[in-house]
Amino acid sequence: MSVYAGLDGGSTYLKAALIDHTGKVLNTGVKSTGIDNNGAAKVLLEQLCREIGVSRIDYTMATGYSRKILEVAEDDVSEITAHAYGVRITAPQGYRPGLIVDIGGQDSKVIYLDDQYRVKNFSMNDKCAAGTGKFMEVIAQILETTIDQVGPISLESTAPCDINSTCVVFAQSEVISLVARKFDRRDILAGMHASMARRIVKMIRKNEMGGDILMTGGGAMNIGLRRAFEDELMRDVYVATHPQFNGAIGAALIASERRN
Amino acid sequence: MDKLQNEIRTILEQVGQEHRGFPEVNWFLKTMEQAFSAETLISEKPSLIVLGEDIPRELALALSDHPRFILGGSLETTHWSDALLPRDADPVSRSACGWLLNEKFNLAENAIVIMALSSDNRRKLASLLRGKGIRVAAADMPPRHDTSEARDAWTAEMLRLADAVSAHTHIRLSAHRLKAAIRRREQVREAAIDFKNITWQATDSMSPALRDIIMESVWYAPDRKEWVYNLRNLTAQITAWVRQYYHQPDERPWVLLAGSPIVFPNEKLPNLLEASGLYLADRADAIALQTDIPCADAGHSVQRMLRRTADLRMRMETSGSWISNDGLLSAVQNRLEHLPVSGIIWHVLKGQIEYDFELPKVEALAAEYDVPVIRLETDYQQQDVEQLRIRLEAFAEMLRVRNQERIRIAQ
Amino acid sequence: MKKNKILIAVLIALMLAVLAYFAADIPFYTYPETGVTASLQSETDTELTFSVAGNAVFSLGWFEAMMPFTIIVGLSLVCILLDVLLRKRLYRKNNVPCARTERMKFGRKQNLPRFGFEMIRWSIMILSFVLLIWGGKILGTALSSLQLPILACPYNEEQLTGAGCFLFSNLDMLAESSVDEILWFAGSFIVCAVLFGRLLCGFVCPLGFVQDVMHELRQKLHTEGIPLNEKLYAGLRFAKWIMLLIFLGIGLIGGSFCDFCPAITLSPALAGFKTSLYFSGFMMVVVLVSGFFKRRCFCNICPMGYLLGLPHKVSLARLKKNAVACTECGACYEACPMGIKSIYTVREGKNELSIDVTTADCIFCGECIRRCPEDGALFMTFAGKKIYTASRMKFMRDYTTPRRKKAAENE
Amino acid sequence: MNENMNITPMNSAQIRQQERFDRKGTAVAEKMLRQVRELSHMPETLEPFLKTLESIFSRREDALRPQGVPTVGTYCVMVPPELIYAQGAMPVKLCGGSYTAFGIGDDIAPRDACPLVKAVMGFEEIDAMPVYQNCSLMAVPVTCDCKKKLAGWLQERRPTAVLHVPANRDRDEDMERFVGELYRFSEQLEQMTGFSLTYGRLADACRMTADAQYQLSRFIDLRRKHSRIIRGSFSMAVMNALSYTWLPDWTKQLSDLNDELASLAKQKKTAAKENQPRILLTGSPVIFPNFKLPLLIESMGGLLAADETCMGERGFYDPPAIVDRTVDGMLRALSNRATRPCTCPTFADNLRRIYRIRQLIKDYRIQGVIYHVLRGCLVYDYEYRQLEEEMGKLGIPVIRVETDYNEEDVEQLRIRVEAFIELIKYGGKQE
């Protein structure tokens, strides 16, 4: 059995995935990115191999912000391509390829796929971090909760607030002023999700959208955001099986193709 | 001053290497270096400064033998004007303001500055410069380009500029001078078109960034005649080189860089394109497309020649100053039809909102040709290089896959 | 371009000079030399004749004397009519949209004139018109050695005062006059000019009055005038210099300005003096027609007015402006019959709140103040006293519907 | 979610937008009106103006006017209402101030476009405002980059008249060029209404606006003489109502208001206390329902004594000085009024704005200037520095407030405005 590795060097975390030649995901792991990206990558890969008892990796592919400096990897590929590949493995049953919405730590991307999972086009958010995972994290902090709890809490809301600021810093103060005005935490969170979803939906050009929508990235694990997204689009939104690792899995898949 | 010199030298050195040893290239690099060298900037006291590309070059050349063109573009000069301009002012205006108002050199000491009031930034810049004691003559740019009234108005405004400049320099705008300037620009245009064609034939002869710098050097060349002569030589050299050697087919996807103008020395985007493995086939922006705009036929009266110039320019002009920027759209369409362009990069300089408004139209046009468009918003700062790089690399990958797919289908 | 302009200007000047010189050979309407024929001054070498029959107003003789003036008025009306018709035709050719001129419906209420500067000015003008023409008949010619510096024709022997224009245009004659006469002339001229300056043009001059009447006539008919702008005034200024040259110089080379002067057609005829008219008849037609289409057109080229304006720096009447209150709306400039642009562009002066904007051209007609919508932005002083100040409420009342006026004044 | 699956995304988005607008657009307008009404010392005769705003924004009715009169949407102060009234139509100022419309326009317009243009595009996009939808013609003077592109955008959807506003005005030709624009505009109006431009009609229309301006002059005069007679927010409401009111009605309403104010002045009643700092608001327009800033100033203890914004007094302040009583002369006067005294920063040289503000400071005894910059409104931002310098010379404090139609930065603004008012009250020099 040959093992292929994909490394996704994101802004906040380094993600890695191991797959075999059939495309089965063997193991995944995450490690926070320190200063030494390279060292972290090496440690992480070794740890993953150890966990499933694999001795060697046939080919390693890197993607993400720090892909150029990951010396462990033989080659690198951009996240867009990696995500498009990753979906082949992580997409749930019944997903017709159309659109991937990736909500990462510092950026969010929208990738249009044709029916062969090839990239038709893509768009990314502007420089600022509104509509990204970071945004969510900041708000969660203000509301004294954690990022995993944000989703479930928001679902309890009955009358979501309006949050409009497009910028993290402004949104932060907006949320603070909402808190000061004694708004319910649940409503604020629901409002935040709606605002994020709006922001991302703006990036989607609906006429280019063929099949279904798949969410990947850390943001996909947030059920509240997903609901808001569905609300905004009036469509069902699928979530990838390993949303966080989609890029890494994609990279690994490319690695296996490269090898063959 | 040192920083500015560094900025320019770095670009020239970096880009200057990217060719296959054509000796003629050095002349152009030297011209550029000369135009921006510390000595020139400090000692040169031009009598006419032309701000921006909206004023027809033939008019400027007819009004003065050695006009100085300021197109903006340098990062360092934008810093110099920070205290004068609001936060959201666009980098081109910032830079232009920096060129004219700083403590290091005073280009405008003896000069009259002419400019077209083609955008909000330009309008307010004109009044700002006047407030600082610089002589400014500004032409009002009509927002429509398709009515004869607008063309009459633009002709009248050009005459107004001519009057203002004549009063300052005591050089009268005669039909004779204008005719000579028109003829010279026509030569420049022909040489430039030939040169561009040959670089398309041999994409590996030199980097697109270098090609565009060579083309841009015409703004700064002290003598256009010499420029034409040298460019013809260079074209001949490349032609000979093309015949002599075997060329591997270039696999790089061709892209079109359109939207806000790229101005020397801000070669951030062309360099990034190069690094991401894309071939910058052509630039479709207000400065690069000057070569597309034909010159008026030499007529007998100044009035008539200017009217004709207004006619031609307003049909083709590509600055964002019109209500609808048809000129730019048709230029893009022209490139899509005649060049194997597989992607369009829509460049929006922060603050040049007019190009942002045009994006949907360009997207619609590109969709007809099944060419993807990516919008890049940036300024002259270097901070966002990494973000841009990610986008461009992904774009390049996508184009490559698409091209392969196309070839596969074709087979 | 400019060379041609100078050439044309010189040609026009020469032509006018020749015309003035031979004016006596271009008869407009001549009377047979019956009765007592007298020359005004024994030394005059030109033959100017008039019958001295001091006809009573509305007598048969008077009507006979009025004949040429009637012809002038008739000709003027024909010219005006032709002009209006032709202009519409021309406009259509140029494809410039032309608005329809329509008489106001009857019964529409007009705002009644209110007591104020405007009314005083008109009263004085009418009064002086009467006095200057029939004044001698009523009050005797005791003041006849007083030489008022206006174009009030000396051929009307029954004027209340003399007119300085004759001696000015016949400087050679002045040199030969007696010391007494010279003193009277110089004294009265200088005193009037220094104290009143062009205030006399706006308040006293009968030729000015006639032009104002023509203007009011056009206002009543709602007929379009000619657009007033810098170009027109530049042309008029040029004409003024030529007129001045002719005025001062023609006597020295042996012509007579009176054959050329339009004023001769007016007051002698109205007073009942049969005066033969030469070229001045045509001039008067021009004055009336141009005065119809452009208010006080002749005043812009009047040589006498120019001389009167020379001591404007010291004369008693002053026009002042509060630069802070001024919104630079240009209403004053639009209203000004003399095309004084500086009145609205001037912003800086010793005392911002009261900048002296009196110029050599100003005739103190007060139109600028009347049309100024800002409280106290413009005001006129006489001998240091404010006599007329701009007020917004007064301004607005000029335009509102009459019935509302009463309600408003109730408060 | 699933039952909505069969709706196509485009339609559902539109429907949702509409719903959102229905829900929120009116709510914001109502809230603003409530806040205006809650301010103390409201004159009784102000009610008709508020009613107008209520009918337009909250009940979403078309502008009230005689039967069969079409409306012309105008976008800047340069469009002369006289001309539109003369040719048998009614002008409505469509510069948008609605936050909800801004949110919708946000999706269409580029990110950095100014909120005003976004709001207009938003209104245009959804079919909910009769004032916008029923316009037979749009008149867009090109005053800034955003308006320029907006003109192009509108042109593709509606009959639009584009007016070229000259950026220079040092020569007479510049002003005369605008006369040509007005003639062309008048032709378009004629095609629409069938009424040609004649002297009688134009003179009537001029008289009609002169009546209104006469009342406005009275109003201004009253405010100048008794600087605490009425709150600035009310005055803003009066001027905003003008945008949607048939002019003679507005004249009548304002006349009533003036009468009430005059009698109040006689009784020496005031709307504010003696020590309330008198503040001038200038910069980008304040358009209903975006009354955030005026309300904030007045609720924080300041007195908005005057404003220099184009939806405020300035929009209707300059009267045309008709010198030549002919059609051409009147158009010239209108063009002259639209270009020369205009303090819009679209003109390259605009020193007169500073003079104007200085005059206002003198007239109303202003103690502080608040400079309102709508995010993305570059031209006003450019002029701030010069104004700051000039005000520094006069010793008048200035504060620059950058905001958009978003309600949620109220708290931040509140801190700034409050501090500014306190600065004048306690720190600044007392009169």
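Read from first to last, the chains carry the letters A, B, C and D; within each, the first residue is number 1.
Basically, a contact is a pair of C-beta atoms (placed from the backbone, for glycine too) under 8 Å apart; a residue touches a chain by one contact, two chains touch by 3 or more.
Keep in mind the model is a prediction, meaning the values are calculated, not measured.
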Centroid-based (C-alpha) most distant chain relative to subunit B: C
By mean Cα position, the chain sitting nearest the middle: D
Pair of chains with maximal C-beta contact number: C-D
Inter-centroid spacing, subunit D versus subunit C (mean Cα positions, whole Å): 45
Mean-CA-position distance for subunit B and subunit A (Å): 40
Geometric centre distance via CA averages, subunit C-subunit B, whole Å: 57
Shared-contact residues (touching 2 or more other chains) in subunit B: none
Shared interface positions of subunit C, touching two or more other chains: none
Overlap residues in subunit A, where contacts from two or more other chains coincide: 126
Touch list for subunit A against partner subunit B, complex: 65, 77-81, 107, 118-124, 126-127
Touching residues on subunit C, where the partner in the complex is subunit D: 96-97, 99-105, 218-219, 222-225, 227-231, 323-331, 334-335, 344-345, 347, 367, 371-373, 392-393, 395-397, 399-401, 404, 407-408, 411
Residue numbers on subunit B that touch subunit A, as the complex places them: 372, 374-375, 377, 384, 386-387, 390-391, 393-395, 397-398, 401-402, 405
Interfacial residue positions of subunit A with respect to subunit D in the complex: 126, 162-166, 170, 173-174, 177-178, 180, 202, 206, 209, 230-231, 233-236
In the complex, subunit D residues that touch subunit A: 1-2, 4-5, 7, 9-10, 12-13, 16, 24, 103, 106-107, 111, 406-412
